[in-house]
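Here the structure comes first, spelled out in structure tokens, and everything after it is commentary.
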Amino acid sequence: MAVTEVVAGLHPAGIEQEKIAEMIKEKFPEQVIDVTNFRDQVAVIIKKNQSFSILKYLHDEPVLSFDHLRDLTAIDWSNKKEVRFEVVYNLLSTKYRHIIRIKAQVPENDAKIASVVPIWAGANWHERECFDMFGIQFVGHPDLRRILLPEDWEGHPLRKDYPLKGYEGDKDWPGFIEVIKRSQELKEFEWHD
Amino acid sequence: MTFKHFIKTITFIEILKGMALTLRRMFSRAVTIQYPDERRKIAPGFRGQHALSKRGGKAKCVGCGLCATICPSQCISITREKGQVTKYQIELLRCIYCGFCVEACPYGAISLTGNYEYSAYNKQDLMMTKEKLLSNWDKYMPGTKGEEYYKKFWRPMSEDFGTPPGQAMYGGKR
Amino acid sequence: MIKMQEPEKIFETRELNVNMGPQHPATHGVLRVVLDLDGETIVRLTPYVGYLHRGIEKLGENLSYFQALPLTDRMDYVSAMSNNIGYCVAVEKLYGIEAPPRAKFIRTIVGELSRISNHLLWLATHALDIGAMTVFLYCFREREWILELFEMICGARLTVTYPRVGGVRNDISQEFIDHLVKFLAEFPSRILEYETLIDQNRIWLKRTVGIGVISAEEAINWGMTGPTLRGSGIPYDIRKFMPYDAYDQVEFEVPIGTAGDTYDRYRCRMLELRQSVKIIRQCLEKLPAGPVMADAPKFVLPPKDKMLIITHPVNEIAYFIDEKACKGCGMCLRACPAKAITGEKKKPHKIDQSLCLQCATCFVTCKFKALKIIPGGKGQPEEKLVELSAQPVADEFKKAQEALVAHFDFIKKGPKVPEGEVYVATEVPKGELGFYFVSDGTHKPYRMRVRSPSFIHAGCLERLCKGHLVADVIANIGTIDIVLGECDR
Amino acid sequence: MNMANVISPSTVDALIKFGIDVAIILLKIVIVLAIGLLHVAYATYFERKVIGHMQVRLGPMRVGPHGLLQPFADGIKLFFKEDIIPAQADKVVFYIAPIIFMAAAMVNLSVIPFDANFVIADINVGLLFIFAMAGIGVYGIFISGWASNSKYAFMGGLRSSAQVISYEIAMGLSLVGVMMMAGSLNLSDIIRAQGESIFGMYAIPQFIGFIVFVIAAVAETNRTPFDLPEAESELVAGYFTEYSSFRFALFFLGEYIAMILMASLCTICFLGGWTLPWYVLKIFPFLSYVPGVVWFVLKVYAFFFFYYWIRATVPRYRYDQFMAIGWKILIPVAIGNILLTGLVKIILKEVL
């Protein structure tokens, strides 16, 4: 039987975010498009082609060791930016307590990006959700299916061109139509014999 | 397995302890409230069914529509005609009782009463009209109750941005 | 050596495919788990989620920052308070404001209360799943108490919507503090009660020790957070890592496990209950006097008593359009809900006093200060109004007018946020609840993303259950502490 | 033909005697059934009240004063509900299963001596009869799980049959000690032997057997912590998931009758049945005026209370652990108990 102990110990604070951004720039000079800073949170915008190796570097490099993928999502910039989608990785190192945000640009006509499931197993469902909501393909994902929406759903709801009420808001969903049909069929059936 | 562990195992000591507790609890007072016969006292400021408040027998509501604007579930609809609010509807089935309408109303015209028992057999009965809402005020906010409600729960007030006298503090162990 | 002969294949055996859920007593909501069983051993386990998907992220993008707050209540409805706090902390970071100390302490108190209530519900259902039904009711006895405390401060028990961006909705009362002190004095003995029933119980130990073991590296790799992760021995607690609210001003410890099994996760949560009591005690002792809303005029709802002169008139007021200032833009004409304003383009408009509701909508829409609020002007003839409008306005009245405009602006649109993005996580009872906001400079979030711990933990279910028995699936669903409302959003 | 020539007066006497015997037995059956079923009804009420109060709630309160009429309300509800039969079910077997289960449980009541000389069938292999009938009851459970054509019910049925079979062994072995001490399989004889022994009740000399029996009895009746076939949180309701209304009520009744049976068996074999130990009677001599059936019922209810108390306290075992307990702990312990009893008996014989 294992005993649980109470600790208050914390690891030392890690590297500053700007420095991490510099390190990425040094290692992959071609890949980094931009580094932004808003409210003390640094985001590194990268090209998607090498995204896997950059993230692998962030995970494997001993001084960085970003072992925790806090969040993986996407932004649909619609026509606000040149490249329509951005896949966002929020990373944290539980060892050194530093964070960084990586944003990989994914164009609409080639909405594909390497899956990070081999790096962080927890990315599995994040990527599935991202595929479900934005229609971005994650190459190398073990099981890329819709997750929150039914398999036969049309469209990707978190895209900006998807209306809030869904396409054809007044249309009944297929399941409902089936129920109505069935109830009409059964109406003729004599229940009390 | 140590000897102590062995003794513990064959005497069922931890299970007997648990049984002692359940037996003890059997003779303690039950916490059940026999609902329709007994009722729990609800706290002031309970967010139940809505009421339109009155001043001097007249509705305070002027129909500015701020409550309808802020309502996250968009369950309020207001119609005005000829300088009067003719229709003020709240769809109870859609309302989420967040209390934003109370906060949004600059006139203090809408309040949430302590009434939580309003089931109905059809949808129409759960559409609160202006008349129903006004009668709710008389029913559930009689006397000074309404005033006190606004004093405490119509927020924010200036005192929320300052240090009012008599703020609730912890007074040590009792 | 004699080679074993392959027995003739007479019976074809295949795995038993069992649907657990969406309606099942032990799936904690509408989780569907498809099990492939070899006897009672699990060969494959596929969780299906999404039955409770309400599109909260999409809805959030279409509501103002103020309006979207109640949505977070509906995610993890067993600890709505923590979700609210998480949302508020994130939006505050986006706004660049900070809640005043008193509000921070109050939030910490209610946040920890919510943690206790969540852990109680978790323990109740976990124990019930494993078969200890009395623990269930004992836990609910105390949870009810906490819900009553919530009702005392905000009038709602479950979907509280109590914290606000920049503070809390209203100050706590002395009565609440008295009751809370009583609760804190009583609660530790109640924890002992639950532990008497299950903690050392041989059946409980058999059902939890060594079930769903996950190592520290693997747990963090799977993205686990909260007590589920800490059971494996990683002290990752956002309250310590990136303190928000008043967590940097209180002392507490983070319990961690060693084995990473169901029992350790259970112990972690039990110790967390005690830590929460400790935190609340400290917060109560340190609770400072002061404001409960941030003094950030553009970002929080303005105080209502400032505009009482207009909205609660002693002598009723009238709205009047100054002909000289009016440019005839038609803004007020369109905005007036009662259609009391008439006029043509580029010509001064007029208010039909008999139709006017005195709702002040025209006043706040007018950009040219052509609209005048005239105290005591109701029912007066036109000439009198012209006369009254020329008189200088009292200082107090001017302030009230400003407050009114601010109030209407806030409600109709909400504060504008500079372009940018933040990811702010808070430690909710279930783990790391992250809010990722992308602002495009308007009053609505361009993208609102919720990183819900339940979603990730539900994804780990297969990893935890493989090779165990059917009964352990129940123990594992319990131990990761998921709420499907949060998982599906 | 003259009838008088065929039937002699002695035959008539014999017939009349036979008729009276049959009438008495029928009367006894009626009494046992009526009282038995009433007890079943109130056993559920008792359970809900006891567990309710242990869980700081009240239990049934709405029907009648303190919910006293609740069992009848439940009964009426169960009997008038719609009887749902799954479309894919094996109908005939589906119908038969609850009847087998219920009948097997009820037949056992016939050999239970509720008081001195009050037993429907005083057969000399009473214990064996009970085991045999309990064995038949398993068929009811198993085929109900099969006939429902539901995976949960099937798994429940499988679990139940494995459980009952393996725990029957432990239970039988635990009672061997009692048989050895009493020297009989007749239940009334066992009670009488107990009353005459120096211990007054066999729970004292046979405490190992007693513990094994209690555990096995809880398991045999599918009660917490061994309620795996039903395991509400795993298999929803196990073998009777698909049953509703009347058929469900039969299972329900059967289960409670089985509980009464196990409680009676425990009372008979270990707690002295309708007798009181001599030392108690010595201290309180007036107790001997109380009819024996009262003691019997009190002891049965004490055992019932124990059932409920356990249910309110402990969690549920996992299937494999549960089987392991049966085979690896209870059966060896029970065999050890038999050896011990035999050894002591031989030693005592030598000494005395």
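First chain written, first letter: the chains are A, B, C and D, and each begins at residue 1.
Everything below uses one rule, namely that a residue touches a chain if its C-beta (ideal position, glycine included) is under 8 Å from a C-beta of that chain, and two chains touch if they have at least 3 such contacts.
Only a predicted model underlies this, so the values are computations on that prediction, with no experimental measurement involved.
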More contacting C-beta pairs: A-C or B-D?
A-C
Quick check: how many Å separate the C-alpha centres of chain C and chain D?
53
Taking the mean of the CA coordinates per chain, how far is chain A from chain D in Å?
59
So, what's the distance in Å between the C-alpha centres of chain C and chain A?
22
Overlap residues in chain D, where contacts from two or more other chains coincide:
54-57, 312-314
Where in chain C do residues touch at least two different other chains?
134, 138, 141, 197-198, 201
Given which chains touch which, is the overall layout a line, a ring, a star, complete, or other?
other
Could you run through all the chain pairs that touch each other?
A-C, B-C, B-D, C-D
Mind pulling up the chain D residues that touch chain B in the complex?
50, 52-58, 61, 309-310, 312-314
List of chain C residues in touch with chain B within their complex:
63, 66-71, 73-74, 102, 134, 138, 141, 144, 148, 151-152, 154-156, 159, 161, 167, 169-174, 176-178, 181, 193, 196-198, 200-202, 284-285, 287, 289-293, 295, 300-307, 311-312, 337-340, 352, 354-361, 404, 407-408, 411-412
Contact residues on chain A for chain C in the complex?
1-10, 36, 38-39, 41, 43, 67-71, 73, 75-76, 80, 88, 90, 94, 97, 101, 120-126, 129, 133, 147-150, 157-158, 162, 164
Note which residues of chain C are touching chain D in the complex, please.
16-18, 24-26, 40, 127-134, 136-138, 141, 197-198, 201, 203-204, 206-207, 469-474
Touching chain D in the complex: which residues of chain B?
15, 18-19, 21-23, 25-32, 34
